[in-house]
Amino acid sequence: MNTILLNRGVIVYLSSEIVLWGIFAIAFVVMISILYGWDFDKYTQKQYILQKRAWLTVTILSFVSIFKFLLLPYFVYTIDTLKDIVPGAMCAAGVISANSYGLKLLLLKILILFGFTLWIILNRYDLNAKNYPLFKIKSWFFILLFVALTVELWLDIKYFLHIDINIPVSCCSALFGQLEGANPLPFGLNTNTMLLLFYILYMLSMLLLFSSEAWLILIVIPLFGVISYYSVVYFFGTYIYELPTHKCPFCMLQKDYYYIGYLIWSSLFGAVYLSLSGAILQLLTKSNSKNLYQWSMKLFTLFVAVCSLYIITYYIRSGVLL
Amino acid sequence: MQNRLFLNYLLISLLKERSRHIGVVLLSLLLIFLLSSVLFISTSIQTTIQNAIKSEPDFVIQRVKGGLMVPLPLSWIDDIEDIRGISTIQPRVWGRYTTASSEPETMLIVGIDPLDPQSNRAFSKIMNQTDIKSFLDGNNMIVGSDIAKWMDMHYAKKSYRFLSLGGEFISVNRFATLPKSSNLISGDMVIVPLELAQKILNYDTQNVTDIILNVPNHAEWSNLKSKLEELHYDIRVVSKQDSIKAYKQMFDYKGGFFLALFMIVLLAFAMILYQRYTQVLSTEKKQIGILRALGWSVQDVLRLKMYETVIVIIFSYILAVTLAYIYVFIAHAPLLQQIFLGTDGYSGNTEWIPVINLPTLMSILLLYAVPYFSAVIIPVWRIAVTDPKEAML
Amino acid sequence: MNIIELEKINKEYYTKDGSFTALKDITFCIQEGECVILRGISGSGKTTLLSILAGLDRPTSGKITVDGEDIAKLPDIHLSHFRGHHIGMVFQHYNLLEHLSVTENIITPLIPMKITPQEAYKRAKEKMEIANISHKADMDTNRLSGGEKQRVAIARALIADPKIILCDEPTANLDRANAKRFTDIIKKLIDIGKTVVIATHDPLFWESDLDIRIIDIEDAKIVADSKVEV
């Protein structure tokens, strides 16, 4: 038996994932039956029963999403603790790359949380309207979410079953460092142009969110998200670690750095989730998403402020930049 | 708060109808209490052992014959000293000594050279607090807390007479007692000067039990290990990393086994909850129907019932975790610690180092709240969609 | 101005033994400020009609507009919101929440509306005055007499200032003195401009000095519609 499966964190994580999937599967079956019989224009008893059943799917999805949001940091923390068992790993970066499933799993998780955010926002709009205008869209999207959750569970199990504690993995400096001298940054950027782009995109995003330009938000915000990721890993991170060669998105989640990574990544992801959901809602319904945009502006600003503060305080304390 | 009236209503109905929730709360308390006690103890043991291992030397060199450890000659030290990158090398003499009384007591005799820099970081801490000159002046020993207690009971308050494995009596003065903080490791330990240990354990003066060494550059560890292994055919090299991993796996194994069993308990718990909620909520059908008729939507009722559940969960969680904390770290976990450490020996006095961390608390919460919600979500929904015309019946 | 409009309302119940028609092609209008009695023996369909007017039940077909809103197909959130804001309901068995005090009972309809406690208690005080129950404000509900319970129910029905008050057999469980007191309160309500619909077969109402309109229901159909003026 794989000894990884006896780790406390892994057991709690996997069993929670399985239970949540199970309860979501019930909601999925109910959702299929609703979609099959739904006709809002009918006065039949059946239609009213279906409307009641729709509440079950909403309730289950809300419950599952709350715990999914709690489980992502728990997952990251758990694989972080596995670094003692998996040879060579210094932080979660090494453990996540222990096999080919890890990174896919993490990406899928981030996507699923976005899916939940979007669904909840669409659902809120739908319930506040008087004739379920988004019902078909959100139901199909619900089914898509179930498929994603199923794939995620499959990846969960595959990933933990295939961590071999006898094969050494790379540590984060090997995964993210520039050992071969190749430029890891996208679009052929160097650090300076990337930083310039980072702040320009930040201001552009603020402007677009402020003026509710849905289409442009859908284009610019993902770009800003990607640039932010690279900026944190390859630039701001080095100031968090105070070491110019330490480039890792995971180490900053550790106690040594006051768990600051949780704040940085959650503010970034939260802002991206809310702004994209707002834009999609705006395009689908022609309603305004001002409230959502305001929240994402606050979160983006928090994210940029925290990152920038690391540079500023380092400069004030030591008088130089790394 | 956005809606104080709602919270008001929630609290009033929870308080006035608390008898409905008492059964569930009691069951939850028992369950979380058991779970948290076990997790607290195992986290505490794990931390204690990890701290102890961290202060262990990086490498231990042993000699094996027929798969068993045998004494090795001091001359090996000279061979090792030639390898670059080693900061401290030190011979150790240690072994088990069992007293000859009607209730035999086993102690761990550890011989050290107090004048050498200690490669074991725990020992160097002890030696820093010790007056080395008077320690070496005559037969002196520093004893662990369990042994100190045993000796007090056996009229050896000042000194104890060892019957060496060579057959002679050696009287050793009690010099000091080790602090209790690292109880699990040092409770049965007796520290004596190296030569005295050789006498008690009947070693040749040229032989030692093993050799320990530290290598400051961790990147060189694997490299150095293979170099050491090439020195002699009968050498065995144990690295600190190996022991950390072994301990971690052992504890994962024990803890994992417990958790796997606990899952079955949780499943039963979830089934009880499902039934209990179905039963309790069905008696509320009329009441919910009235609320619905008065303008409460399905969403409002869902919110009411979910908040009710959240309050019950958080209340039982906080109370049970606090009780478990008191039970384990203040009352020293009577009954449970016998399961963990066995009933024999002096481990009965073990004090757990209080270790409370967020992941442990989070694990407990997840193990409790996820099945709880999953079990009650359908009964809660069923009551929330009560037809408002129920009020007319 | 019509505050309630019903157009070809049908209601059928489906049971194992087939369907059962509770209402058949009900069409009528009620004007603002009117006092309407739905008269009929039990089983005639008047309670079903009242439920549909109150948004407690849905018709099988037809159109029902209350205060300008078509409520026949409204999704639950909106229908509940409608019930809370536009309809005050007085039930035959009062339907008070036994574990709460009088004031707490009266403010329950306000809870989903997210208003401040100060405002809620202020309103409760006003409505208790109208319903003559102020002296029992802090008493537990289960220690009240039948008449008092009903006055609490009236105060509760008034709490959100609805335009329409619906009563289901309001005097069936009251002695004559209390029933008389009830008609006095109804008079007060009509004076302040409420529209009142009462489902009953108690002759007290058409013998009282109220200006009423009586709609007779028999076998799921309206058989008569007449005004009684004093």
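Letters are used for the chains, namely A, B and C, taken in the order the chains are written, and counting of residues starts over at 1 for each.
Operating definition for what follows: a contact is a pair of C-beta atoms (placed from the backbone, for glycine too) under 8 Å apart; a residue touches a chain by one contact, two chains touch by 3 or more.
The structure displayed is predicted, hence computed values, not measured ones.
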When A-C and A-B are ranked by contacting C-beta pairs, first comes A-B
If chain centres are mean C-alpha positions, then the most distant from subunit C is chain B
Chain-centre distance (mean CA atoms) for subunit B and subunit C, in whole Å, is 66
CA centroids of subunit A and subunit C: separation to the nearest Å works out as 51
Separation of the C-alpha centres, subunit A versus subunit B, in whole Å, is 34
Residue numbers in subunit A touching two or more further chains are 55, 127
Among subunit B residues, those touching two or more other chains are 298-299
Among subunit C residues, those touching two or more other chains are 76-77
Given the complex, residues on subunit B that touch subunit A span 39, 241, 244-245, 248-249, 252-253, 255-257, 259-260, 263, 298-299, 302, 306, 359, 362-363, 366-367, 369-371, 373-374, 377-378, 380-381, 384-385
Per the touch rule above, subunit C residues touching subunit A in the complex are 14, 58-61, 72-78
Listed in rising order, the residues of subunit A that touch subunit C in the complex are 40, 43-45, 48, 51, 55, 127-128, 130-132
As the complex stands, subunit B meets subunit C at residues 2-6, 8-9, 12-13, 16-17, 287, 290-300, 387-389, 391-392
Note: in the complex, subunit A contacts subunit B through residues 3, 5-9, 11-13, 15-16, 19-20, 22-23, 26, 52, 55-56, 59-60, 63, 67, 70-71, 74, 77-78, 81, 84-85, 87, 127, 165
